[in-house]
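In what comes next, chain A is part of two complexes: it sits with chain B in the first one and with chain C in the second one.
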Partner chain A sequence: MDVDLPYELQLVTDLRGHEERAWQIAWNPVEPLLASCSADKSVRLYNYQPSNESLKFSHIHSIPTGHTKTVRSLAWSPSGKTLATGSFDSNVGIWEREGGHDGDEEAADWECMTLLEGHETECKSVAYSSSGTLLASCSRDKTVWVWEVHPDSDFECMGVLMEHTQDVKCVAWHPSEEILASASYDDTIKLYIDDPSEDWFCFSTLTGHKSTVWALAWSPKGSYLASSSDDLTIKIWKRVAEHKWECALELKGHERSIYSISWGKGKTGEESLGWLASTGGDGKINVWDIREPPESSTGRVLSHKLIATLSSAHDVSDVNSISWCPREGFEDLLATAGDDGSVRVWKVVPSH
Partner chain B sequence: MAFSGALTLTDLNDFITPSQACIKPVEQLNPPEELKEPGAASTEIVIDSSGSYYEVSASGPVPNASTKTTEKKLQQAQISLNDCLACSGCITSAESVLITLQSHTEVLNFLESNPPPTSLSHKVPVLSIAPQSIASLAASVSSGSSSAVSPGQILRRVQAFCTQILGFEHVYDTTFARHIALLEHTQEFFERKRGEGKLPMLASACPGWICYAEKAHSEMLPFIARTKSPQQVMGTLVKSWLGSTWGQQPDQIYHVSVMPCYDKKLEASRQDFYNDVYATRDVDCVITTGELELMMREKGWDLSVPVNDEDAPCHNHSAFPELLAHPGTSSGSYLHSLIAAVTQASPDPLDLTVKTVRTSDYEEYILRNRITGELVFKGAKCYGFRNLQNVVRKVGREAGMQVGRGAAGRMGYDYVEVMACPGGCVNGGGQLKPAVRKKEDEEGYTRSWEDSGVQLPDPSEDAGTIQGPKWGNKEWTKEVDKAYWHDLPTPPASPTPEIQAVTSLAESADRLALRVKVDLCHPKNVAGQSDWASAMDQGAESRRRDLFRTQYRAVESEVVGLAVKW
Partner chain C sequence: KRSGRKSKFETGRSLWIDNEGPLEQTDDSEVESIDQDEIFDLIRSIADPEHPNSLEELRVVSAEQIDVGQNHVTIEFTPTVPHCGMSTLIGLSIRVRLLRSLPQRFKVDIKVKPGSHQSELAVNKQLNDKERVAAALENPALVETLEKCLETAGMQSELYD
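Then we have the complex of A and B:
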């Protein structure tokens, strides 16, 4: 059915172990580590190593987080040393490895360094800023919190942003600047910056989605922001001025809510803005190559090309999360987490 | 295409609901009078034209004659405000109910239905206004005129409006009540310092903070000062002290307060401020500055017009000293009054250093012994929800209640003046908003220009302009702050004639406070009472606690998984 697409998704591994649905995966940006979280309140860590032209994933650790409800979200700090978990118990946990350095992962133990309390209800998403000095979280309580990371696992609350009128589904930091984006059940996307003499504040609201905005992904260089929605579209917002974004492209290709998107560098060269992967309630994975129009062209529309697609990625289950591996040399590696409790890793390979 | 796995009754809830259903069980006061026949058919509930509810047997057609026997009038289920406060199930809507129950129309309705003074059921209407509300009105009036209007002038104009137009018999500002609150608060601080209670002591005057701590951080409650807020001290003064000098019982007085904050309505309706004996509240109704202004507009009163004798220095016939200035912060100077008391109590001279942490909403105040350099007192003022979070974290961690092991950032505060609003009380939610660009056309009609086809410049067109910070208008808050301190430079640089006048005013306030204490607490040793802090016998001390302190209780969420509709 998938006619003439230049690439296809090859299953690298199917990682089982969560007892309930798997919500999210996060690739460690520095080390060969993949983390997943689940409604079973645990976090599972996998190591991966090259093996016969492929990769071998092995489960090395499980963190029984102590969260009293579902662990909904995960985020690694840019240093790869700290892991943040966002839970339906309304708290955010901060985890660091104790012992077992120098590659001896199995001896490592992960300890809760601090618990960030503040949300009134379910925390839906956590994210570290590019410098690792800020952590954002959002919740069904309609708020977005910004925390400053201090030494010794100390955190200071820098802002409580009460801009959304509904459940906030996702927070995402710009890849190089301190700009925070949030997406909500109120169908909008909000962008925030810090006023050094004041507090964090919302400087722009992006409207256009006709239903819940589930996920956000910045382009690798930060001049675009992608958003996915229950309205079955993905919108790509272009930065047209320092504090102004405009919708530049709309992508369609899912039949149910698009729960997750991820924008990686891809492997098609510098002219490309990278590969955008999406997944959701229809169990399908789509991968698009996004490009800017040539200088000569008059149109402002981005060019986009669906380069790979796969249905029933987790059999009949919903796919909750998708994520490109951020490490160099692994730009064609994708992971997904599904309602079936499994975590699957995919490689984008040229089709034959 | 398959559906996702069946919904489970676990904790998944990406589905939201505006509010939880009320879970208060309906109390059955009257036992059913008639036993139902076994297997009796179900009944249904009908509503008649007057809105009464009837339970009607649905067993089939019933002859008209017997209608009365098959219809049973049902008692309406009633949910009192206290039920709502005790349950966090739908707390937000409960709070909005509380807030709407205390409105300016409620005040007008009362005044209208109040029988004349000759009647036995007449209640004496009294109004108390907060100095921050006066400042808000002053800033608003001043912004539309060439010369600044002082808080004193505003107080006279409000008094004129409330007595002449509305029919209040007495109008006071709440600064004398605050004076007493500060005295009691200082007393409490020294008690805690001696080991009778926990440190740091956290301010108790902000009802938003209290409400939040009770719901979300019950571990903070032992740290919060038990001293009543100025509003509630005023309630005690009006209903208990003034009332007795007037020969009126608490329930023969109707006490309205004007506050910069909506949450003061929640505070006034707390069970602790309800007098069971007389079935009355210390403050019957709270309205905001904005609601007072609305009343003035509705009654056609122009606050910018001077009233007679508005520049007279002081009402000699007023029961309380007026517009007492408490130098420090425009939110009540709780921290500064402690700094002054600690400095005064120290045998050695002390040096004060102030450090701003990021913004003026978070400042640290440190007192050191000038000779030994020893740290004597460390306090902070901490305004706004964000800073409040950090106080909660730090206090919690020091008390060893926080998960995690970070030892950094020990703050070691003795006292924190916590206020929920950024900028403090002058920026309260009930204050007047800064003048905005007119939406009306020249003839005073509201018009939507876009709808009429008029092209307006897109405000977002200019890439340089972005939406400003959310919390109110900082510039406007500064104006209100300026109006608040109108008559007094702050902090006072050197003793000037005005400051001396302030000092003598403060002294007379101290004397009156002592009289209030003696009158209300009845100490056995009246002659030994030299000031507010003078120790009294046990009975009198316990009366002092009843009158000037309060308590807090954690509000636990009663919403359990199965009762939740996701």
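Then we have the complex of A and C:
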């Protein structure tokens, strides 16, 4: 629509139901399930099935959650069996399905297995590590908590990281290693690892953004980290040594705060580092194909190409969250959540 | 028209999703243009949290400090003193008033007049962080204070009606 790009975003479905702003969506990594959370304090679950060369999404369950304030964040465990919710009421809820297995989703009930208390103010983001043995949460109280997941929904706090000087907006685990990244209102990104003989500690601070860093996304193979900011840029940080990350690329393409980014495998082959999708207060979705320079080239600059863009993705509303479906065969499927309370699913298709 | 509206906190309705906004009476097809003076009318009678005066009387807000585009409003306000501890609350009351009154298509930026506040950047950053604004509006004590500032917000418009 805007320019001649090789791909476009096709609306698969518009899922209404939240009574207030939808903050985030999370795809179940194993089953055909999509979850969304909202200022209305509920979580909605949708399943999806193939139907006439497309996908049919159906609302199958709503969890009232019992959180006393906005549910800001969601995360599925890698097994797809547990859902974590982070709320402005400062707590993290851990949810599991009771009954209704073997495809009978509608008979299933989702129960709160435990409530993780510890943050003093609004929890802004929750994330499971790739192995599912660790959960991180962050808050306006400036802290990042690392929890160890034990059987029977038992969680043990392994560390409270007090590195940021302001509100922590986002936590994200490396896709294969136990490296945690956090982004903050203090304009920085911090990286942490566990010292086997000591505690979790911050081994690096990435500076360069000129305002709040809203979101983080690791590249599918983990050698890059993307960050998006209120300074209207996305930065891509390259791993140049085991514990060293340097800014390798800056992307521009939004007119207001970039609230969310997601880095998926994409469908342009092995030479690509994948597709990076971004969205924000300008209501626009951008999709970039990111590639490494050929080995023969001396430059360290990553190549990037905007492959699809869509304005007013949620009409006049801000878009708060964007996420690629992590399941095999669905690498071209994106979901977004907006201030209009709706959740939209998009398919990236070649332009005509 | 506006003055009779109940607070959304009283009616238990959403602050964010408002399909009955008083200025939103036209079809989607015809975009209503809104000017500086209309925006000023919406905010001039907001009460100052510390003084028995309106923001207009204290010269905190003025029509000249409002910039309106097709879908975008920038409001600049001038705190009464450079160390004014109420600046965030004043900015928040302006933001909530506009959230409740303007069509949803408007993106609103609120800033203190450059050089008018010792913590200018911090105040501006907080007022324009939608997540912090959303969280603040779930704080009952803050909302109560905010509602007091906004009680008088419709008065000016009443005079004009």
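Here is the rule we use: the second predicted complex is superposed on the first by the 351 of 352 C-alpha atoms of A that agree within 3 Å, B and C clash if a C-alpha of one lies under 4 Å from a C-alpha of the other, contacts with A are read in each partner's own complex, and residues count from 1 in each chain.
Definition applied: a residue touches a chain if its C-beta (ideal position, glycine included) is under 8 Å from a C-beta of that chain, and two chains touch if they have at least 3 such contacts.
Nothing here was measured: the structure is a model prediction, and the numbers come from that model.
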Looking at the overlay, does A:Leu115 come into contact with chain B only (first), chain C only (second), both, or neither?
first
Which of chain B and chain C A:Ser197 touches, first, second, both or neither:
first
For A:Arg140, using the defined touch cut-off, is the partner it touches chain B, chain C, both, or neither? Pick first, second, both or neither.
both
More residues of chain A in touch with chain C or with chain B?
B
Check whether A:Glu19 is in contact with chain B, with chain C, with both or with neither, and answer first, second, both or neither.
second
Partner chain in contact with A:Met158 - chain B first, chain C second, else both or neither
first
Could you say whether A:His150 touches chain B, chain C, both of them, or neither, answering first, second, both or neither?
first
Touch test for A:Asp318: chain B only (first), chain C only (second), both, or neither?
both
Pick one for A:Ser211: touches chain B only (first), chain C only (second), both, or neither.
second
Just which bits of chain A does chain B share with chain C as contact spots?
20-21, 39, 69-70, 88, 122, 124, 140, 167, 169, 185, 256, 281, 316-318, 339
The chain B residues in contact with chain A across the complex are 1-2, 4-5, 10-14, 16, 216, 359, 384-387, 389-390, 393, 402-409, 422, 460, 463, 466-471, 474
Where on chain C does chain A make contact in their complex?
14-17, 71, 104-105, 107, 125, 129-132, 134-135, 138
Listed in rising order, the residues of chain A that touch chain B in the complex are 20-21, 39, 69-70, 88-89, 94, 112-115, 117-118, 120, 122, 124, 140, 150-163, 166-167, 169, 185, 195, 197-199, 201-204, 240-244, 255-256, 281-283, 316-318, 339
Counting only contacts in the complex, chain A reaches chain C at residues 19-21, 39-40, 69-70, 72, 88, 121-122, 124, 140, 167, 169, 185, 211-212, 230, 256-257, 281, 316-318, 339-341
